[in-house]
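Two complexes are shown next, each including chain A; its partner changes from chain B in the first to chain C in the second.
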Partner chain A sequence: MLEPIVRFFSAQPPAVLPYYVAGAVVFSVLLIFVLINLPSRMRKPLIALVTFLAGLFYAAEFFLPIDKTTQKNVLTDYLVPASKLGSLLGGMTLTLGILSLLRVHGRNIARLRAGWYNSLALLVAMVAMVVFGLMDSYSANATAKKVFNVLFEGMLINMDATMFSLIAFYIVSASYRAFRIRSIEATILMITAFLVMLGQVPVGNALTAWLPTEGWLASLRVENIKQWILSQVNAAALRAIAFGLGVGGLAISLRIWLSLERGAYFEKEI
Partner chain B sequence: MQHAFEKIEPVLIVEVLTAIIIIWRIISAQRGKELFIRRIPGLNAIDEAIGRATEMGRPVLMVPGIGGFSIIALQALSIFSYIARSTARFGNRILMPVADATVYTVAEEVIRDAYQSEGHPERFDPDSIRFLSDRQFAFASGVAGLIQREQIASSFMFGEFFAESLIFAETGNMVGAIQVAGTVQTTQIPFFIAACDYTIIGDEYYAASAYISRNPTMLGSLVGQDFGKLLIVSLCVIGSVAATLVALNVPTLSSASKWLIDLFTIR
Partner chain C sequence: MTPQTPKQVTFWERLQAIDRRILYVLLLAVIIFPLFVPIRLPMVTMPSTLKLYQAIESIPEGGFVIVSATWSGGTRAENMPQTEAILRHLMKRRLRVAVFSFDQQGSQFSYNIASRVAKDFGYEYGKDWVHWGFRPVVGVVMKSLVRDIPGTFATDRNGKPTKDMPVMRGIKDIKNVDAIVEIAASGIYMDWIGLVVGANPKLKFGFCPTAVMAPETYPYMDSGQIVGIMEGMRGAAEYEKLVNTIGLATKGMGSISLAHVLIMLLIIIGNIGYIVTRVRGS
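Our next item is the complex of A and B:
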């Protein structure tokens, strides 16, 4: 019954793709125009209805019985088109994000504010990445591919790695403060962390290598103490947190699905 | 794609039961039932941190993490809405770097609404909410740069954080900012505990909006959550007892215990 919808959202041949893009743009503009001009008293129930239907689709897809052979139910085939709608919305909002960057940094450059050259570097880098990225994907120009390679592999990946490596130094300074023995809790934390760290390195394991590998004395080997801390004490605490998070996520999902969450964003209860 | 009737019927049973309990508590709270929430120090510290920024005349930083538009981001925005209302009252400057374009558009509206609801729409600066980058470490370096340049007085980090959490928290610590953080990522909680002044752990994250707004719907939902947790803890205890009875092979009870274990086993 809904087969045409699935076909509509499937990959289209290049010949008709521009018509689909143009149609999507016109539809989006019309939809936004209608939404903006709707009176507030109508806009809120409309948002509540769309939210409810969207949530109901995913809940029904999860809960409806499935055909054991295909592992699908009547709604499973429409999951991909639904997720594509989400991607479309994401693509539209990305434009707003880029406009924000252009507004903030364009103003810095225009008014020659302190550090304006950093803003210029950011905008030049952004434009260069977009241009050479598109050329890399859609053009056969070898120079463009080389430039994109230098920008992406030579610069961006390395700068990412540099930021990531900073974490090692930050861990040292943060753990120094956290492990200072100021209270009973901090002392327990320090001893536990010390045992886990010892259990992770060969030199730690070597300290208790003389203990037997079988029998009750084996429990005192550093690697076994580490394993006990991680699998018994730590895992139990993490599962307790995970239960709380799961139930909390369910509660807030219900509030949003049934539009009870309005109090947080619109000040008024419905 | 997972389905409830494929392998995980117990999930269906527990989820539906918990959902019914939560909705029941929300309805009773909306009808005026008085509810109590325990004190959460991290959330009490929000006002203290905003007050400090006001005294120092330095900006307040709010980071909603690098996750996409989800329940977690919505909860973060709900907390930031409360913070923005306070900063609107006191005339603080805010900075809100965002890594996801969808979160950015919603955040702008939520913060604008907060300023309007306080009667100070003229104090809202659209440039205070900035989309930096959707790449993890590009965003991290952007936020670290903002913290250093603007010498922020208070930093609030709520949302989905990954390896970049420590970069934010340690940079904030270096400039002497008072920091309150909360995340659902259990791997990042230790970093926040080590580097921040206050950390909101586990489901306290979802309790935050109820705690600070005292909104009956949210309070009811929070109490419903606690009943849901009680249900899960009860199942854990019953499951442990049933597994023990099966292991001990108690004649009269082991078949009933086996049935119970089968019912709640995820295949």
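Our next item is the complex of A and C:
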């Protein structure tokens, strides 16, 4: 029944590909236009219907019995097209994000609001990355490839690493100021933290390297104490948390799937 | 009215309030120093790392392994040596390797690392290894690859069709995959376990998280859903030792060691000041 649809969405020969792309653009523009102009009372039921059908597909595919020879059920073959549709929707949300950024920061620049130059830097960086990224993928221009390399590997990756590295400095300062043994619990926590930290680094291993590696005395080696804390004490507590999270996640998933969820983002007029 | 004299700050109070700039300089010094003057310290291989190594060792030659590198520049210090160590082991064992990433930066990083390691082991692209590129939407891709790997990864990172590549020979679905190794700075292992691992009882799933992520993964190693864990830079250093190579992780262990010691010393100093001040005050 869904075979023609699957064929329509599968890989197409290069000759017809431009028509597909043009058709997709026209269809997307029309769809967005229709959605924007839809009366607000109709939007909620539409979103609920799409959410329900999308969830139903995956739930039905999971629960329907499979044919023992093919290891498939009636919906299995449509998993890949559904995955591609999901990727496309992900791409569309990215477009929405870019449009939102352009609107917010474009307004900041146009009205010369405080810090407008930061907005300008953001937009210039974004446009440069998109332009040179596309040129890197689709053009043979060597200069464009070099510029993209400088932007991506020379700047973006290193700035990302720098931002993350700053955490180490804050951790040192914060742990020094905040870690005070004001109670028995805090003392136990600090001793445990020290044992895990020592067990994590070779310098800690060196402290108890004189102890034998076999027999009961080996249990006192700092790396074994750390392993015991992580695999026994820590794992038990985490199992309890994970169990609670799992039950909660199931409940929330059902509520979202059936559009029963209320509160922030779900009751606002759209 | 007599002017109030400022309260004298005692030595013990000063111990609790060292200027943060001094702390920053100290940290910078203990990180940089061992990079120039290497500190060789004994290192014990943890069972979690050993289990991952043994799981890879148990795969027969020519087996198919998927390596997912879901990390970015922020966690490069830990995830980069992990990626290199695992790829070295896989290629040393002459296993077929497919690399991809759910992160754009991870895709670029993993391609660079895999290309470099492949050259060292004489691996030919398309025949011995392939890079499927960046794939967005985690859950959807995972669900899809369980049933149809060539369909999910129809093209490689350069847009070339993968179905005719020798490396993909005989690979149809998750049942043809021997192992998956995820190198990540996030809780993505939960998605793998929930959506993929159970679909092939023989599949070995290894996880290489950042050190801060490692404790939460232990229950899953205990249950056998994760065969082994390479914990942060330390795990990578242990793995480098197992595959007889000295890489970034081994070189960085001196810095990590001294940084840990510095943090512990500062906490102790702060607490000495706190306890003495409290005792004197009472």
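Keep in mind that, in the parts below, the second predicted complex is superposed on the first by the 224 of 270 C-alpha atoms of A that agree within 3 Å, B and C clash if a C-alpha of one lies under 4 Å from a C-alpha of the other, contacts with A are read in each partner's own complex, and residues count from 1 in each chain.
Following the convention adopted for this analysis, a contact is a pair of C-beta atoms (placed from the backbone, for glycine too) under 8 Å apart; a residue touches a chain by one contact, two chains touch by 3 or more.
Values in this document were obtained by computation on a predicted structure and should not be read as measured data.
Trainee: For A:Ala251, using the defined touch cut-off, is the partner it touches chain B, chain C, both, or neither? Pick first, second, both or neither.
Mentor: After superposition on chain A, A:Ala251 lies in contact with chain B alone.
Trainee: Which partner chains sit in contact with A:Leu31 here, chain B, chain C, both or neither? Use first/second/both/neither.
Mentor: Neither partner.
Trainee: So in the superposed three-chain picture, is A:Phe63 touching just chain B, just chain C, both, or none of them (first/second/both/neither)?
Mentor: First partner only, chain B.
Trainee: What is the contact status of A:Ile5 with respect to chain B (first) and chain C (second): first, second, both, or neither?
Mentor: neither
Trainee: Touching A:Ser173, do we find chain B (first), chain C (second), both, or neither?
Mentor: Both partners, chain B and chain C.
Trainee: Once the shared chain is lined up, is A:Leu101 touching chain B (first), chain C (second), both, or neither of them?
Mentor: The answer is first: A:Leu101 touches chain B but not chain C.
Trainee: Figure out whether A:Gln227 sits in contact with chain B (first) or chain C (second), or with both, or with neither.
Mentor: In the superposed model, A:Gln227 contacts chain C only, not chain B.
Trainee: So, does A:Asn73 touch the first partner chain B, the second partner chain C, both, or neither?
Mentor: Touch status of A:Asn73: first partner only.
Trainee: A:Leu260 contacts which: chain B (first), chain C (second), both, neither?
Mentor: It touches chain B, and chain C stays clear.
Trainee: Quick check on my understanding: which residues of chain A belong to both its chain B contact set and its chain C contact set?
Mentor: Comparing the two interfaces on chain A, one with chain B and one with chain C, the shared residues are 72, 76, 79, 89-90, 156, 159-160, 163-164, 171, 173, 175, 177, 238, 242.
Trainee: Looking at the complex, which residues from chain C come into contact with chain A?
Mentor: Its residues touching chain A are 16-18, 20, 23-24, 26-27, 31, 41-44, 46-48, 72-77, 105, 108-109, 135-137, 139-141, 143-144, 147-148, 151-152, 154, 211, 214-216, 218-219, 221-222, 231-232, 234, 253, 256-264, 266-267, 269-271, 274-275.
Trainee: Name, in rising order, each residue of chain A that touches chain C in their complex.
Mentor: By the definition above, chain A touches chain C via 11, 58, 72, 76, 79-80, 82-83, 86-87, 89-91, 152-153, 156-161, 163-165, 168-169, 171-173, 175-177, 179-181, 190, 194, 197-198, 200-206, 209, 221, 223, 227, 230-231, 234-235, 238-239, 242.
Trainee: Touching chain B in the complex: which residues of chain A?
Mentor: Residue list for chain A touching chain B: 61-66, 71-73, 76, 79, 89-90, 93-98, 100-101, 103-104, 107, 115, 156, 159-160, 163-164, 166-167, 170-171, 173-175, 177-178, 238, 240-245, 247-256, 258, 260-261, 263-267, 269.
Trainee: Enumerate the contact residues on chain B facing chain A in the complex.
Mentor: Result: residues 1-6, 12, 15, 18-19, 22-23, 26, 30, 68-69, 71-72, 74-75, 77-78, 81, 98, 101-102, 104-105, 110, 113, 117, 126-127, 129-132, 134-138, 140-141, 149, 163-164, 166-167, 169-170, 173, 184, 186, 189, 191, 193-195, 201-203, 205-207, 209, 213, 215-218, 221-222, 224-225, 228-229, 232-233 of chain B touch chain A.
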